[in-house]
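Order of writing sets the labels: A, B, C, D, E and F. Residues in every chain begin at 1.
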Amino acid sequence: MKISARNDLKGTIKSINFGPISASLVVEIAPGIEIASVITKESAEHLELAPGKEVHAIVKASSVMIGVD
Amino acid sequence: MKISARNDLKGTIKSINFGPISASLVVEIAPGIEIASVITKESAEHLELAPGKEVHAIVKASSVMIGVD
Amino acid sequence: MKISARNDLKGTIKSINFGPISASLVVEIAPGIEIASVITKESAEHLELAPGKEVHAIVKASSVMIGVD
Amino acid sequence: MKISARNDLKGTIKSINFGPISASLVVEIAPGIEIASVITKESAEHLELAPGKEVHAIVKASSVMIGVD
Amino acid sequence: MKISARNDLKGTIKSINFGPISASLVVEIAPGIEIASVITKESAEHLELAPGKEVHAIVKASSVMIGVD
Amino acid sequence: MKISARNDLKGTIKSINFGPISASLVVEIAPGIEIASVITKESAEHLELAPGKEVHAIVKASSVMIGVD
């Protein structure tokens, strides 16, 4: 399936933590560049997410803000 | 100001387009890795965004989904 | 690709409108049940979205609110 | 109150789980069509959500992505 | 209808602008405190939004970030 | 850093609760006007959030819905 979300960043799961409802994970998309994600625990289990697994970090363009120093 | 959003990716604006309400821009955060963003035209003008400008692409962790091939 | 977003509703595009930055579309997921979506014009063009096309409406669970009468 | 969110899907709560901060629930909006939602535990308690209760699943159009097979 | 979104701020529309797909508006919720919103043009027309109208600005708690100076 | 998110509401933390993945907090932005936020526990700890601390509640305009009585 192709998806309208314009940000699809391939990477590898570095770490994942599970709570009773949510799971928090960190994906390394390039050396030294990491993306943090929070999804439901149910999705994380369904997708069998674990450290080392190759995944995509996907973000809708309207969820991206811009900062300027 | 430090912000709770856990994803703060530094990069350079590659392109920006303005509509009457929104602006769409692409930020290169590493060679070959780009982030697309849609913000209000008013914010883009207020921050004086233009190609070549160094910016941060900021994303709340709860806005990041995970995909598996 | 399987995605962590827990809502994946199959349907058919009923209508789509394009602005300079965004596109607005309506997907019928069951008789009389419609989902409205706003995505970037660029994504809508890239996915070749048009009335009658079969698509998935995808929503992250954390974007769903609950109302009670 | 009428709300700008364009997706207002009536249904019945099938299941709900509570964590210390969040609650996760599934709403059946038509036979075989379910919507998953994560809200705060506080809201779920305030609205007295429980299996069998009739509710609305509400989603802003800009939170809906489109996928194509 | 009561909604799970925990932020419901009453105010008055100060200004509204319409594009072909989206509408951008500013709501004053207290003297000197304003909230900016972008919704679909269709919703803005359906709700007959205009300057001076009393409305609620509604935000899901998971959409609120925290900044520290 | 200046950010594109158009809503930046200064206030004081009234309460904060921590779960294993998320933290829920309430910020008073004016007498009697409160904003609820859910962020990751990790961000809340990193920013050393606690009752009484002065913070900004930050919301992207596209995350704000409008309700009409």
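The definition used in the following text is that a contact is a pair of C-beta atoms (placed from the backbone, for glycine too) under 8 Å apart; a residue touches a chain by one contact, two chains touch by 3 or more.
On a predicted model such as this, the values are computed, not experimentally measured, just so you know.
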Note: among B-C, C-D or B-F, over half of the A-F contact pairs reappear in B-C
Pair exhibiting more inter-chain C-beta contacts, A-B or B-C = A-B
Comparing which residue numbers chain C and chain D contribute to their contact, where sharing over half means same and under half means different, the two sides are same
Note: chain F sits from chain E at a C-alpha centroid distance in Å of 17
Whole-Å distance, chain B centre to chain E centre, using C-alpha means?
-> 23
List the centre-to-centre spacing of chain A and chain C in whole Å, with centres computed as mean CA coordinates.
-> 21
Send over the residues of chain B in touch with two or more other chains.
-> 1-6, 19-22, 24, 36-40, 42-44, 47, 56, 58, 60-63, 65-69
Connecting every touching chain pair, does the picture come out as line, ring, star, complete or other?
-> other
Let me know each pair of chains that touch one another.
-> A-B, A-C, A-D, A-F, B-C, B-E, B-F, C-D, C-E, D-E, D-F, E-F
Under the touch definition given earlier, write down the residues of chain E that touch chain B in their complex.
-> 17-24, 36, 38, 62-63, 65-69
Chain E touches which residues of chain D in the complex?
-> 1-6, 37-40, 42-44, 47, 56, 58, 60-62
Chain A residues within the chain B interface of the complex = 3, 5-9, 24-25, 27, 29-30, 33, 35-39, 43-44, 47-49, 53-69
Touching residues on chain D, where the partner in the complex is chain F | 1-5, 19-22, 40, 42, 60, 62
